[in-house]
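Sharing a structure below in structure tokens format, with a few things to ask.
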């Protein structure tokens, strides 16, 4: 395990928060894209 | 064939579909690589382990500004040349920019606690970022509120234009208002203060990673927007008929 | 009743529903105050609790006109009034939905905005507690104001004028809790008053609001 | 052009026109702050100028949606757009009318509210001067926001969200003038900046606002 | 036994009586169409029957929770899908399946479409589906076919007939021909309220006139 | 010489072409009535001619400042009196006396009444008086007789004829009979825009369909 010294909490929180934000953004992006693709396919099949 | 023809939705879908896998792969490799490498760098003699935050903070801050500039460019292309995909790209970019701004603010705030002894200070740099976040929020809210896509594209384009001027104006106003604590751009300042190579190279990689991440997300989100517009267009035509 | 709550929440979170606008407005307000007052911690700290309460109140205020107006315009309100729900219940549910979509996010965001304004750390739990107890009353009183002004075009400013005076007792006790909490004093008395006001408002105002709605539907 | 200005002023001062609501809101706001912050002179004096500026800004904000929305609803805006006036001129006149009916009363009332908040006497002339120079920009930017949101139902909160960030430079320099004036410092620089912003806004924003209006009339 | 009985009713709008002395009753299976020139008070009468405003004089006999009211505004939310809109009203009016209503109004293939993306006629059909899920016997309809083309009007007629056939009743105001030959017609023109000192004024405008 | 000439015009609404290939011209003294089913694009065409929205394709030839546009909304302020309302529009359109317009529309005795206290028909007459004070030659009218009774429709016809007689022209959209036998009629039903890839899409809905 690498040594973070007395600032361990600071560094881990930074990485944690940033990665969480990025993950949320990526998840939302992918989910919305999949949803749009599904709905469009259904429309093109029916209509 | 002019470059503008790629603003045609069909061509855009084809081209972006081809580029997307590479963008995703590059973004994954560079972002993860840069962040892991950055995380493993040794401690700084002054800042201790907190230097590791720079690999998140600086790329995010950089992208936060650059994405707004890109949105401005895309808005201008829409307003002048009426390329529909370009308006959708501006829309797609905004949430990415907002998240980048949030990351810069969050990492900065967490960093400020040990360095300056405070989570938040009304320093000009930090304040400007807060203002930038406000502009992102307003821009996204306007896109969400206007139902007609043509009006929404035009109105957000005008807002982006006026907003850019005022974001710049606010930056100078804030500088006048308060002198700050935040360090300058250490990548380019005098050689003595130059960041050592140990930190510089992972920083470069991480910056590249954030840029590629933006590109990949932008492509996906723009594709989502294109599909949504197409769905709405098909429904509108059916309803009209 | 549950169906109404679910629908209102769904509408608020869909595109164009305005979810989050209240928090964004709150954020802007918290950012504006230092521009006006000056960036020094010494200037901001003593007023932080007051600004946060006033800000929460204004953010709540500006979203009030959505409570009934949209339903009035598209005819839903007429239909709800002829539905088997008592109109008082409808009012209460709508106020609850307003609180969930506006009050709760404000409370969740308040600690962050507290940081921006250098609210003393000791005051933070008191801020949250006072908002949690006080904001339901804000939503309910707001629903009353919205019910009174529902038929008016562009009644926004009038709505503010009607509702703000009703908010004063809540504001006084809410801010007092935070101030006393920050100084480590006893907060029991203002807390009791605040809770009392909220309880009274929640129990009685739905009837007044439903009466006002009936007049406006007529 | 003059006819439009006269009509807008007449409409604002007739019953239901909302004249004076802005000042009333300003008054309530100034009355709320001591409840939130605490009534001590020592607490109020340092923040008075900032609160007055923020209050003026919010009071101005809440009356913005009237600039175009009523004319849009009753069809006047369509007719004005086909009239021989350039739309930019219409926008400018309407912003002027908004300033006369909202900005001027606020300025006239500001000294009274300054007393309520214990604004130092030396700062008073600076407060008036800064408001006089700064508020025209607020009205003009507000007209831009109103033009963008004119087609939206219940766009009030969105309008605030769009307009408030644009108000930041004006607020910063305006409040800085009062702050420096109160301390007897030099106010020339912020005054110059404030005047510059107002001049620039008055010269350029009508075009952006007219463009937004054209989109919304389409 | 009648679903609705109205005796000597007077209704007011804007503080002035609109019509007065109106009496009629509706048994299950019957439909009544109100006619009359602009502004005579048809809308006002319907709203009074629906319980949205009190009568000025006279009596309305009506079982509790028997009325389903529909005016021009259908109470649809553009952001919600057809299913969500309908399910909401079904839940408010005591539950029940929405499938049959969707099918009856030929909306099944549009079930997931947001209501904002419907055409005027489709919206109207959704409004009628809403009437079906309320399961209430007495429909009170204000100009139900406004802005509908001929085909949609025919579909509306079918829905009304089915409702009457199941023992329901309908009270409608309209200016145009609904194609419902079996419906009785009541022309309100003869019931226009006369000015004059009233025992109980309908509002300020009457009290001070 | 014609007041208005329209060549191969296409207009769009909601990002989709509504009608296309429309051509006509109007000489002084002529009136043209647009007809067509709901939603065909009559209102859109009129707004385009009035300059409120740009055409998607085709050309509109028109002298500058020649059009007076009137839709359902009359642009009246309820708080202002009839005179004030009319004087305002007269001033905006370059001055002139409002007396003749008031007289022509039989509004003189109502001159001091606030517009809010007018009945629907009186409001419409005020809207027509507004057209007179603009002194513009080309009237573009969208369903001008909506909610008017027979007497008011006749008065409207008189006003139009007087305008044509003075060398004006009128372009109108309507569903009902205006009683203007001399007017030409253009049915838009034949010009409905066809789907298909367009060279220059009218908006998002066409660019992405």
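By letter and in written order, the chains are A, B, C, D, E and F; residue numbering begins at 1 in each of them.
Basically, a residue touches a chain if its C-beta (ideal position, glycine included) is under 8 Å from a C-beta of that chain, and two chains touch if they have at least 3 such contacts.
Every value quoted in this text rests on a predicted model; they were computed, and no experiment measured them.
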> Which chains, if any, touch chain D and chain E both?
Replying inline: B, C, F
> Copies chain C, chain D: same or different interface, half of numbers shared as the threshold?
Replying inline: same
> In terms of CA centroid distance, which chain is the most far removed from chain F?
Replying inline: A
> How many degrees of rotation bring the Cα atoms of chain E onto the matching Cα atoms of chain F, given to the nearest 5?
Replying inline: 180
> Is the C-beta contact count larger for B-C or for B-D?
Replying inline: B-D
> Which integer distance in Å separates the CA centroid of chain B from that of chain E?
Replying inline: 54
> From the C-alpha centre of chain D to that of chain F, how far is it in Å?
Replying inline: 37
>> Averaging over Cα atoms per chain, report the distance between chain A and chain D in Å.
In response: 41
>> Measuring centre to centre with CA averages, how many angstrom lie between chain A and chain C?
In response: 32
> Multi-chain contacts in chain A: which residues touch at least two other chains?
Replying inline: none
> What residues in chain C touch two or more of the other chains?
Replying inline: 15-16, 18, 21, 24, 28, 31, 35, 73
> Residue numbers in chain F touching 2 or more other chains?
Replying inline: 39
> For chain C, which residues count as touching chain D in their complex?
Replying inline: 18, 21-22, 24-25, 28-29, 31-33, 35-38, 43, 46-47, 49-51, 53-54, 57-58, 62-63, 65-66, 69-70, 73, 153-154, 156-158, 160-161, 164-165, 167-168, 171-172, 175, 179
> Contact residues on chain E for chain C in the complex?
Replying inline: 47, 50-54, 65, 67-77, 79-80, 84, 87-89, 91-94, 130
>> Could you list, by residue number, the parts of chain E that touch chain B in their complex?
In response: 78, 113, 116-119, 122
> What residues of chain C sit close enough to touch chain B in their complex?
Replying inline: 15-16, 18, 21, 24, 27-28, 31, 34-35, 39, 41, 115-116, 118
>> If we count contacts the way the header does, which residues on chain B are in touch with chain D in the complex?
In response: 131, 134-135, 137-138, 141-142, 145-146, 150-151, 154-155, 158-159, 161-163, 166-167, 169-170, 172-174, 176-177
